[in-house]
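Paired with chain B in one complex and with chain C in the other, chain A is shared by the two complexes that follow.
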Partner chain A sequence: MATDHILEVENLTVKYGPIEAVRGTNFFVGNQEVVSILGANGAGKSSTLKALAGLIPHEGKITFLSKDISRTEPYKIPYLGLTLCPERRGIFPDLSVEDNLLLGAYAIRKNKNLIKENIKKVYALFQRLGERKRQLAGTLSGGEQQMLAIGRALMNEPKLLMLDEPSLGLSPKLVDFIFDSLKTINKSGTAILLVEQNAMIAMEISSRIYVMQNGKFAISGNTKDVDFQTLKMKYLGV
Partner chain B sequence: MKKYLWFIPFVLVPLPFLGYPFLLSIFVLIGIYTIAAIGMDVLTTWAGQISIGNAAFFAVGAYTSAILVVNFHVPFLIAFLASGLFAMIIGIVVGLPALRVSGFYLAVVTMAFGIAVQQIIGVFQITGGYNGIRNIPVPSFWIFKASPVYQYYIVLFIVFLIFIVLSRISFSKSGLALFAMRDSEIAARAFGVNSLKYKLAAFAASAALTGLAGSLYASAIGFISPSQFDLTLSLDLLAMVIVGGTGSVMGVMIGAAFFVGLPFLLSGYNISITIIQGVALIVILLFLPKGLLQIFKITDLFKKKVI
Partner chain C sequence: MVFQQIIAGIITGSLYAIVALGLVIAYKVTGVMNFAYGYMGMISAYIFFTCFSMMGMNYILSFFIAVTFGSFVGYAVERGLLRPVRNISPASMVIITLGLLLVLEGTALQIWGNNYQQIPNLLNGLPFILRFGGGIIVIPQQNILILGVVTAVIIALILYLNLTFQGKAMRAVAQNEEIAKLMGINSSLMMSISWIISGSIGALAAILVAPQTFVYPDMMLSLQIMGFTAAVLGGFESIPGSIIGGISIGIIENLVGTYISTNLKTTFSLAIIVAILIVKPEGLLGSTKARRV
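Right after this comes the complex of A and B.
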């Protein structure tokens, strides 16, 4: 196994009863790389991320930072530096913005100085959050909630950040802003594994893409080698 | 310090009623039910789980305490702590399998547990079967004689201790993890919260508090039998939290006062308590959906929202 691969997945299978959502996929994420998994609804993208975070039963081998995490309990995974920013944001609506961030730092809760530093970093990246830190998260706008979800995921200093549909339900302008932030996050050294339906914007920031169809990868390769038009027509159904 | 100040009026409450031991004993009962309802509040409002079997923990506490005091002549303080501990152990044993389900399923599982415990108690010799246990002595220590005033202050002190502990937890990292789990379990787990552990802790704490309340109940009433710990009690505990106001000891206290105090207030008149209580419940939930505690925060309606 190449040592510059932060995440290596072999033969990942996810089943919901008799239905196979993910059918034996193989992929990897390199150090400080941005990789996207694209595909239409129900292709198995979100299931892949949930399986990596240990949240759903799965088969196959998942290696993160040279450690086999296929059987690791979900609550232990963030401690290793692998953080999922869940679909539909999964923010805690009845907690304040700052409490949401503090919970994001649950895995590093012993290190108070680091938490303070990270909160500052998040507020520098998303100033809106800093302005609203006492507000209940449920009262934020959709865009702010997405910022909060990403900011919260950054709190425990992930080495690999997994994002599930960060563009969901946002205006084009906000989507641009969110993806610019992802670029900034990546530049500071965090690898990103992105699941997206919005293929165009995802391809802008990714070095490599995997296109998923019926639980398998139909296309994989460097972003610049993939023809966007064929991809759109054949696999994304738009 | 400021958050403790609202307890001061409760220290003064019994003073005008010193000559009315019956009224004082109702205040004592309100306090006891407050403790049990706090146990329910921890489970529902804090952890987002539900139980309609908490009467079972109340019964476990009451019987543990009564049996230890009556049959084994154990000092009340030890019996009291033992009843909380035993209820907590039962809570963990039941919670481990039960908390794998949630929502309606958990409601049904806990209900079944509540009914089962009531039946089991009725079968055993040591619990006095369906006849129950009589003449449970009222505890007295040192200069404190067994009077309602003294019981009132003991119960108030216990509520105060619980309040301190709970408010500490609510501002701690564990409290944060618990609330996060309630809001979005998937996200909380994705950030490293061991959700089963926290759910179980909430269930155990709920059982322990309810058990402690049961112990106090047994010695305050002096007589216990299985019929006192039926489904109605479980539902009343849940309703106390909702009627009073979730997530606050003050609210829960108001809910307990409503459920315990109202029947006594109306007992002099020849009207059905159930009907009055039912109508009052509907009116409260219609006009004060956040519970009776809202009355005391009426000024909030005139303030501009800060956020």
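Right after this comes the complex of A and C.
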């Protein structure tokens, strides 16, 4: 594997009984790169990320930071610097905003000072979270919950942040804000693997894209080489 | 007279409350209603009886051995009986606890027989007597002990769940196991810990109530039923709800027993609780949202 690849995936396959959701995909993410997996609903994007996070059974080889993590238990993955910000956010509704962030730092729980610093960083990035730190997370608006989910995923300082449809259900203005934040996060050194149905906004921040259809990549390449109109008509069913 | 009954109700109710708490913490984290709960505690009461009365160990040491044994039983039941079927057939976990109830009852009968064994109160001094206005209230020292131990357990549990990192991680598993794993939380370990806590609370309740009920295989039947009722009344997933539920039932039961009929006190109390649940089906402090945990 190329040493400048933080993540390398070979022949990834995910099956739900007879349904083959991901069919032998190959892809990689470079150091500090932003890469997107695009595709219509049901293409197999979330299954791909869940497999990387170890949450669902899969076949194939996943190498992260030169370590084979294909069989690693899910709860051990964040300790390695790979974090998934899940689809539909998955915040803990009955815990406070700050407790949600603290739990994001579970993998570095021994380092209290680092946790404090990281909480400050998250509040600097998302001021609205700082203003609501004692509030129960379940009472936040959709946009704030997405900020919380991203902030929580950053708490253990991942080398690679995976995000599953962060734009889902948000107003265009909030989507712009969230994606600006992703740019900032990437600039500070975190690589990003993004899954999106909203191809336009995802392509704005990605250097490369993979377009998924029925569990396979139909096209892949540098963002600037892909014609957005063809992409939309042929693969995203918009 | 009324005050005397209310105080007595609080004491009984505090036992219902910790049984409810023990049931609820295991339920919240692992999603299993444990129908063998009281009987797991009963085994620990026998362990206490064996250490203290048969082998002549001192009270405190016997107590610690029995509670530790209870925590081990909690661990073993979750790890050995429930976890293997957790992903195959979650519904059968409840059936397993029902089967376990029968096995534990039979085991106790085999080992210790069905005699009523006596264990003494730890505190046997003169009761406390409070005088005020025209009335007096008599509180046996053992009851002060029960109230003190129960209060300490409740406070410790609330502090653990709300202030420690591990306690918060346990609540995270209760709310969403998959997401908790994404945070790096070993959810299997948290499930074990929740049953260890639950098991030791069950043992504690059994040892505290044993001087009144005597030790025999079905000694925990009534406490288990009332603990379940307290948990249901509290919404089955709320810790404050379990406490309020337990104390309320204790008080209702004592008042009914005194002013209406001793024979009818359980029936009457359950009827009152059913009435409350008809008006407020989610329980006193339960949420209406359907959630596993």
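Following the convention adopted for this analysis, the second predicted complex is superposed on the first by the 238 of 238 C-alpha atoms of A that agree within 3 Å, B and C clash if a C-alpha of one lies under 4 Å from a C-alpha of the other, contacts with A are read in each partner's own complex, and residues count from 1 in each chain.
One rule holds for everything that comes next: a residue touches a chain if its C-beta (ideal position, glycine included) is under 8 Å from a C-beta of that chain, and two chains touch if they have at least 3 such contacts.
Because the structure is predicted, anything quoted here is derived from the model rather than measured.
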item	value
Side-by-side fit of chain B and chain C on chain A, or clash	clash
Which superposed partner A:16 touches (first chain B, second chain C, both, neither)	neither
Chain B versus chain C as contact partner of A:135, first or second or both or neither	first
Touched partner set for A:228, first chain B, second chain C, both or neither	neither
Chain C versus chain B, contacts on chain A by residue	B
Intersection of the chain A residues that touch chain B with those that touch chain C	53, 55, 74-79, 83-84, 86, 90-95, 99, 102-104, 106-107, 109, 152, 156
Residues on chain A engaged by chain B in the complex (per definition of touch)	53, 55, 73-79, 83-86, 90-95, 99-100, 102-104, 106-107, 109, 134-136, 139, 152, 156
Residues on chain B engaged by chain A in the complex (per definition of touch)	173, 176-177, 179-180, 182-184, 186-195, 307
Chain C residues within the chain A interface of the complex	165, 168-169, 171-172, 175-176, 178-187
Touching residues on chain A, where the partner in the complex is chain C	53, 55, 74-79, 83-84, 86, 90-95, 99, 102-104, 106-107, 109, 152, 156
